[in-house]
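Heads up: the structure comes next, in structure tokens.
Chains: A, B, C, D and E, in written order; residue numbering restarts at 1 for each.
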Amino acid sequence: VDLEITHWWTSGGEAAAVRALAEQFEATSDNTWVDGAIAGSGGVARPIIISRILGGDPMAATQLNHGQQAVELIEAGLMLDLTDIAEAGDWANIVNPPSLLEACTVEGRVYCVPLNIHSPQWMWTSLSAFDAAGVAPAQNWDDLKAAAPALREAGKQPLVSGAQGWQYANQFNTFVSGLGGEDLYYAVYRDGDEAALMGTEMKAIWDEIVITRDLMAGTAIQDWNLATAEVINGNAAAQVMGDWAQGEFAVAGKTAGSDYDCIIGMGRAQLIATAGDAFYFPVNKDEEVTAAQKELAQVLISPEAQVTFNLKKGSLPVRGDIDMSTAGTCMQKGLAVLADGGTIDSSDMLLSPDAVGQIQDMLVDFYASDMSAEDAQAEFAKIVMSDK
Amino acid sequence: MLDTVPPVSSALDDISVSIRDLELAFGSVKVLKDLNIDIHKGEFLVLLGASGCGKSTLLNCIAGLLEPTGGQIFIEGQNVTWAEPSERGIGMVFQSYALYPQMSVKSNLSFGLKNAKLPKDQIEKRVARAAEILHLGPLLDRKPGALSGGQRQRVAIGRALVRDVDVFLFDEPLSNLDAKLRAELRVELKRLHQSLANTMIYVTHDQVEAMTLADRIAIMKGGVIQQLAAPLEIYNTPANLYVAGFIGAPPMNFIQGALRGTDFEGIINVPMQGYGFSAAPKDGAVVFGIRPEHVLVNDAAASCAVQTRVVVDVVEPMGADTLLWCTLGGDEFRIRLDGQTPIRQGDTITVGIDPARASLFDKETEIRL
Amino acid sequence: MLDTVPPVSSALDDISVSIRDLELAFGSVKVLKDLNIDIHKGEFLVLLGASGCGKSTLLNCIAGLLEPTGGQIFIEGQNVTWAEPSERGIGMVFQSYALYPQMSVKSNLSFGLKNAKLPKDQIEKRVARAAEILHLGPLLDRKPGALSGGQRQRVAIGRALVRDVDVFLFDEPLSNLDAKLRAELRVELKRLHQSLANTMIYVTHDQVEAMTLADRIAIMKGGVIQQLAAPLEIYNTPANLYVAGFIGAPPMNFIQGALRGTDFEGIINVPMQGYGFSAAPKDGAVVFGIRPEHVLVNDAAASCAVQTRVVVDVVEPMGADTLLWCTLGGDEFRIRLDGQTPIRQGDTITVGIDPARASLFDKETEIRL
Amino acid sequence: MADLSVNTPATRLLDGPSGKRKRARFTPKRIMIYGALLLVSFYYLLPLWVMVMTSLKGMPEVRMGNIFAPPVEITFEPWVKAWAQACTGLNCDGLSRGFWNSVQITVPSVVLSIIIASVNGYALVNWRFKGSEIFFTILIFGAFIPYQVMIYPIVIILRELGLMGSVWGLVMVHTIFGMPILTLLFRNYFASLPEELFKAARVDGAGFWRIFLKVLVPMSLPIFTVAVILQLTGIWNDFLFGVIYTKPATYPMTVQLNNIVNSVQGVKEYNVNMAATLLTGIVPLTVYLISGKLFVRGIASGAVKG
Amino acid sequence: MTALPDPDRGAVRAKAAPARRPSRLLHNPMSKVAAMPMIATALVIFVGCSLWTVVHSFTDSKLLPRLNFVGFEQYERLWSSSRWITSVENIAIYGVTALVLSLVLGFLFAALLDQRIRAEGIFRTIILYPYALSFIVTGLVWQWVLNPDFGIQNVVRDLGFASFSFDPLNNPDTVMIALLMAGLWQGTGLVTVIMLAGLRGVDEDIWKATRVDGIPAWKTYLFVVVPILRPVFVTATVLIATGIVKLYDLVVALTNGGPGSATQMPALYVYDAMFAKQNLAQGFAASTIMLLAVLVLLIPWSIHEFGGKKRG
């Protein structure tokens, strides 16, 4: 059976990872993987995916981010129930951290296959930039702040980011989890606790965010990978970006440790979010397709697929029982944190997409203006609280 | 004007087109009002009137291209008020010719017949006949774009002709042509009518066409027929002031005044003995009308009972005749002389008027006395 | 008229517009060929000719809107061959009026003056004068769209008038109007010319306009002037066959034949004793021409030297006169009678011809004998 | 016959200018006009120049250099890659697949939308019925509605019609969204044709369709040209509908283009992107180049008489 | 010639016509059948979908439309969103500038092309060809041309003007210029062609009249020709305005709303709300406002244009 699979993994590393999945799938069954890649990130792909599902002509499987995105589709009965194969495959025990499976579970039924873990809480630093400035490479946020004047002196940008809401938000979340720790993180994102949101701890974080605005001043970049390129070629010292940035370093032939470094949680709390990509299987009337869909689900979570896919993509696997010794330094760091249980839920899971969008908009405003820490804090608190 | 409507059944024997109480309004604007005309078989009726008086509208109603809001239309005894244009047995010729530009002359002629699903040989025969009558033979394969104005007009007539209908409708068919061609085609049309003997209804605002072509002329104004009569009758005894002023070029001279007994009194006084009053004359304000060509000048005026002197403002020599534009009592007074004259601008001339050729109208009702 | 070539200075004294050896070609098509005219101050010259003969082209050359390919143009003694239109001291009135549609009448009149940076009070004065002459007073604030055809035409004339120029150029200014309005405006134009005494050059293809308005008419054909003379001279003694056939409606009757001595021999034989030959008559093929209104009928024909009988095909009563369409020797023969006549279609009538009013043309050169 | 103009003076020329005015070939005014046009052309051609030049360069040269400079070493590699090799996800057949899909989508969409819009215009002008103008007004308002608003409701409508995902569903969508402007064009054009022609055909007994097909359509070439051009470029260039209402197997060329351009595999291959861009634009560009004058004439007859 | 008696005389005439007025609805049934697609589109798509949108803007629909009414909540949020307000400001700025510039430049180019120039066809094609390209293409090319490291800025710097700076894409203050450069590049051609067609339709005599009156060409264009071309301007304005209201593709392709929110547009906001934030109702509320704005702008105009006017 031909299975059409939509996703927006079109960059070099991503495409290679998908190819691995496809090969795996086609090798283990006599089904065909019909690739329906849509370039241009979830913003372009998501309406297409949803329209197709709503329009009664769905693809066989589709990438969707973990989180609340799919809940309504599930509630509307448009997604295939995978509970039987999940139970058969004992997913409840092999998926680590368990929150990933929980995100796929609605009212006790499993509707998606977690595929990997995105860990956005990374800071990538350019060793050559610090070298040029004559300071020791930063190991945490305070180092970076301290090195900033010297970096400026040497004509290096202390911190870069593409001027897009999601990049700002990603950086902000990293500050909350890294500087604030797990408790504050959950108090803010999960509980929407007013005391925490308006408290001094958050105020302190916002003060740091105001400093990032200064450190980032002077860049005019939109795309994250172009920002990463600045770090790669040593024009900028640091960028806060998810683990997918590692792919760019790899493509550029850089090695972790000698050319660049990767730091989790701004060098403080070693926490990584466990949001990731998952595959959903829209309900299909064709029995054969349904069977094939289930086969695909099993392949996706199989150890072989997990290893090859995640190695290629640079993300973390969703099961703890596999051998990832071939992974690079940075991924090893991530795996270690994962093994330590240093996981938090992604803010995307804790907030509605709507609130996520609003926070992004608000941060765009923040970076484009000279909004004060107090105002930003209040604004942010308002958005989060109204989402609860 | 028609006063009575003959009973339908018997009246229709000799009647080709009968229009009864016709009314048409565009929105709230009544364009045709309670119109009644009976047109005889083989008659050439001309609808004449100023622009916007409703001539085309009436013609379109007869053709079925506009839906009347009231009244009925009979053609050859059939009530066709709601019939499709093609089912009424009419052919129509338009001012702009309205030839189908992408079809050859032949296809233009046969289009209607093909629509009616006539057999091929029939179509051929009819087209050939129309081509012969209208001398279109050598043009049959040309497109309208490659024809002169007169030829196009003939094709347009041909298109009506092939349909072999009882009634021909013409909407100002000659007004796009130059003067010379117009005169020629006018005569051709007249000849055509004489040979075909169909009923023809012809709209124009050119009075020369109306006078020369018509068996009867219907003069319209504001959607109402003012007079329906033979051309010379209209010319000689116009039914009201409007008709009198409308027919004749240059128009009739009017002199305001009053009737006292049978005498007209105004800037000139005219005893109206020879005048054929339609009713016993009553005293009151009247308008005296005399056509420019019925005014006699100088020597010729000597024999006239009524004479006066006027100064010539403008002389218009036209070769075959000459127009004099004078002033009489502050109003323009026009005189038309045959041939060429030595009278010059600024001359003072004696003019004479023959009461028998004049017209008198009630000042208020504007109706001919 | 000038026959000799006086020196420049004096030659142009009485001349308003002088056109010398004018030539104009569009690409390889010569539209005007070696044209020469002198137009006197205050003269009303009409350019008359069939469509496409180059009338508008000539007028545009005079106005400076087209550049001649050869020759010169003088206006009021100035060589303006290369001058800008606005510097030539001309005003022009166009067939389509060419009013500035979104400006009020007043702005239409004053736009050119404002542009010439005339002082405000000057502009006011000139506009007021033009408005008075043309009775535009109440219309000054309207847009052209809210005017009738005749009013628009008057505004167009006004626009030329305010420019206070020596020469007015008119390009068929009346041809978009209906017959009645045309006649009225014609007279108004004539009066305007009489009161202003500017030079006027007027293009038309309507011979009635030409006859009535012109001091002299220039009849053009194919870019060449056929005859330039006073209207009645052209009417009575057309210089060639083309002019003879062009002027007069219905056109002159032509009879083919030969001249033997002073006698015309054809389907009828006419001794041409009273005829004013322009040169000693020579035997040869000629065309005999007689105007429809110079043909006498029945009783009136009795006194004529030449008589023949014809059958009437079509009778066209027009009120003031009547046209008879007959056949003589296979050709159409037209007769125009004054007033109304009892003659009917199919009657055989006696027609008489007065040789003194006829014209004779050489068959080959087509020139009047 | 010139000798007949006896009254005119004998041929002679006087002093002063005569004949054609001798002008400098380039007056300051002409120079300014051409200068302005050249400047404008420069601005308009610049992007095209950049596209063509870049598409003919190898990647190293692109990265080094001046985008406006012509290639030192011409290579057609990017064109080949854009057409047949560029990858999106697992599909590495470049634009070639999208081309035929685009043709298959564009042809029926253009034909159907023009048929419907021309019939609309014809009915609106010649067969008015109660309310016809109201529907037309709604259509014109519809031209202003942002497409995004319509995406979901139309998904639902297509689902109910069972057309979701098929080419015909997309054809329907294009027909619907092309309708306002096209109907306006056709309505204006038909209104400018003489009404008497329509009347003559009715007297000749032709019905609704015969009048349309035999009389009006043959004389409407200019406006049909305009409609074809507008629709062809509009539909060919469409991305939003093409991606939402079809499947990967039938994605039009623009979707492939988007995929190629937005799939950053390592480095952005600008030269391939430019080649892909040019390839996508070739069809509408060709249409414009060929139709030239007809387009202007058609616009004059359909659009100008608002 | 006398008419030959024809055996088929009257054959064209059909059966007896009805004596009574037929029903209006059944009159010319074909025309109504033919108009069905238009009626359906107008009612179902344009009216129906718009109403559907308006109704759902009062709900709390998230990913899927549902009828859980929440009053004006979405609108309150909409108008308290600084991004939306920025979008409205941006579209106002862009809309007015683009409309005015399109009309002015279009007319200017048309006037230039109307000067009896050689190679008019070539110039016309050059100005028109970008219209044949999609917005994706336009955005890509201009991104490329305006790229500070490769594009104009770099070239000018290489020429020796080292301090030259032209980087509109990354500067929130000037990014609108980039958007206009690309937008006008793409759209002015059509306006030019429309204007040119209009100019060609202006009565030759008007031109002659102004020459006789001695009016300079620029004044004639401004005071005489522009007023004559009013219908042309209306057509062009409608075309441009529909493009502006829907302005989406170009922004996405060129700036994606950035830098910051400097080129956020309502259509972008709608799209993001519906598909990225998955708050359909919010998107619907924003679309409703857009619809409302269009209506407010359009209704007076359409009454003015179509009201009372008959044929043509």
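The rule is short, and it goes like this: a residue touches a chain if its C-beta (ideal position, glycine included) is under 8 Å from a C-beta of that chain, and two chains touch if they have at least 3 such contacts.
Which chain is which protein? Per UniProt: B, C = sn-glycerol-3-phosphate import ATP-binding protein UgpC; D = L-arabinose transport system permease protein AraQ; E = Lactose transport system permease protein LacF.
None of these values were measured; they are calculated from a predicted model.
Peer 1: Just to be sure I understand: going only through chains that touch, what's the smallest number of steps from chain B to chain D?
Peer 2: Minimum step count, chain B to chain D: 1.
Peer 1: By the contact definition above, name the pair with the higher C-beta contact count: D-E or C-E.
Peer 2: When the contacts at D-E and C-E are counted, D-E has more.
Peer 1: Sort the other chains by how far their Cα centres are from that of chain C and give me the top one.
Peer 2: Comparing chain centres, A lies farthest from chain C.
Peer 1: When the C-alpha atoms of chain A and chain D are each averaged to a single point, how far apart are the two points in Å?
Peer 2: So the centroids are 42 Å from each other.
Peer 1: For chain B and chain C, what's the span in angstrom between their mean Cα positions?
Peer 2: Averaging C-alpha atoms per chain gives centres 28 Å apart.
Peer 1: Using Cα averages as centroids, what's the distance between chain A and chain E in whole Å?
Peer 2: Whole-Å distance between the two chain centres: 40.
Peer 1: What's the distance between the Cα centroids of chain A and chain B, rounded to whole Å?
Peer 2: Distance between chain centres: 90 Å.
Peer 1: What residues in chain A touch two or more of the other chains?
Peer 2: 47, 54
Peer 1: Check each residue of chain B and list the ones that touch at least two other chains.
Peer 2: 84, 86-87, 112, 116, 163
Peer 1: Where in chain D do residues touch two or more of the other chains?
Peer 2: Each of 151-152, 205, 207, 258, 261 in chain D touches at least two other chains.
Peer 1: Once bound in the complex, which stretches of chain E touch chain D?
Peer 2: 12, 24, 27-28, 30-32, 34-35, 37-39, 41-50, 52-53, 65, 109, 112-113, 115, 117, 121, 123-138, 140-142, 144-145, 147, 150-151, 154-155, 158, 185, 189, 193-194, 196-198, 200-201, 231-232, 234-235, 238-239, 241-242, 245-246, 248-249, 266-267, 270-271, 274, 280, 283-284, 287, 290-291, 294-295, 298, 302, 305-306, 311-312
Peer 1: Considering the complex alone, what residue numbers of chain A touch chain D?
Peer 2: Residues 4, 6-7, 9-12, 15, 18-19, 22, 33-40, 44, 47-48, 51-52, 54-57, 59, 225, 251 of chain A touch chain D in their complex.
Peer 1: Quick one: in the complex, what on chain E touches chain A?
Peer 2: Those in contact with chain A are residues 62-64, 81-83, 148, 167, 169-172, 255-256, 258-262, 271-279, 282.
Peer 1: Quick check: in the complex, which residue numbers of chain B touch chain D?
Peer 2: 60, 63-65, 84-87, 90-92, 94-96, 98-103, 111-112, 115-116, 159, 163, 171
Peer 1: Can you tell me which positions in chain C touch chain B when the two form their complex?
Peer 2: 51, 178-180, 183, 186-187, 190-191, 194, 205-208, 211-212, 231-232, 235-236, 247-251, 291-293, 313-314, 316-321, 323, 325, 336, 338-340, 345
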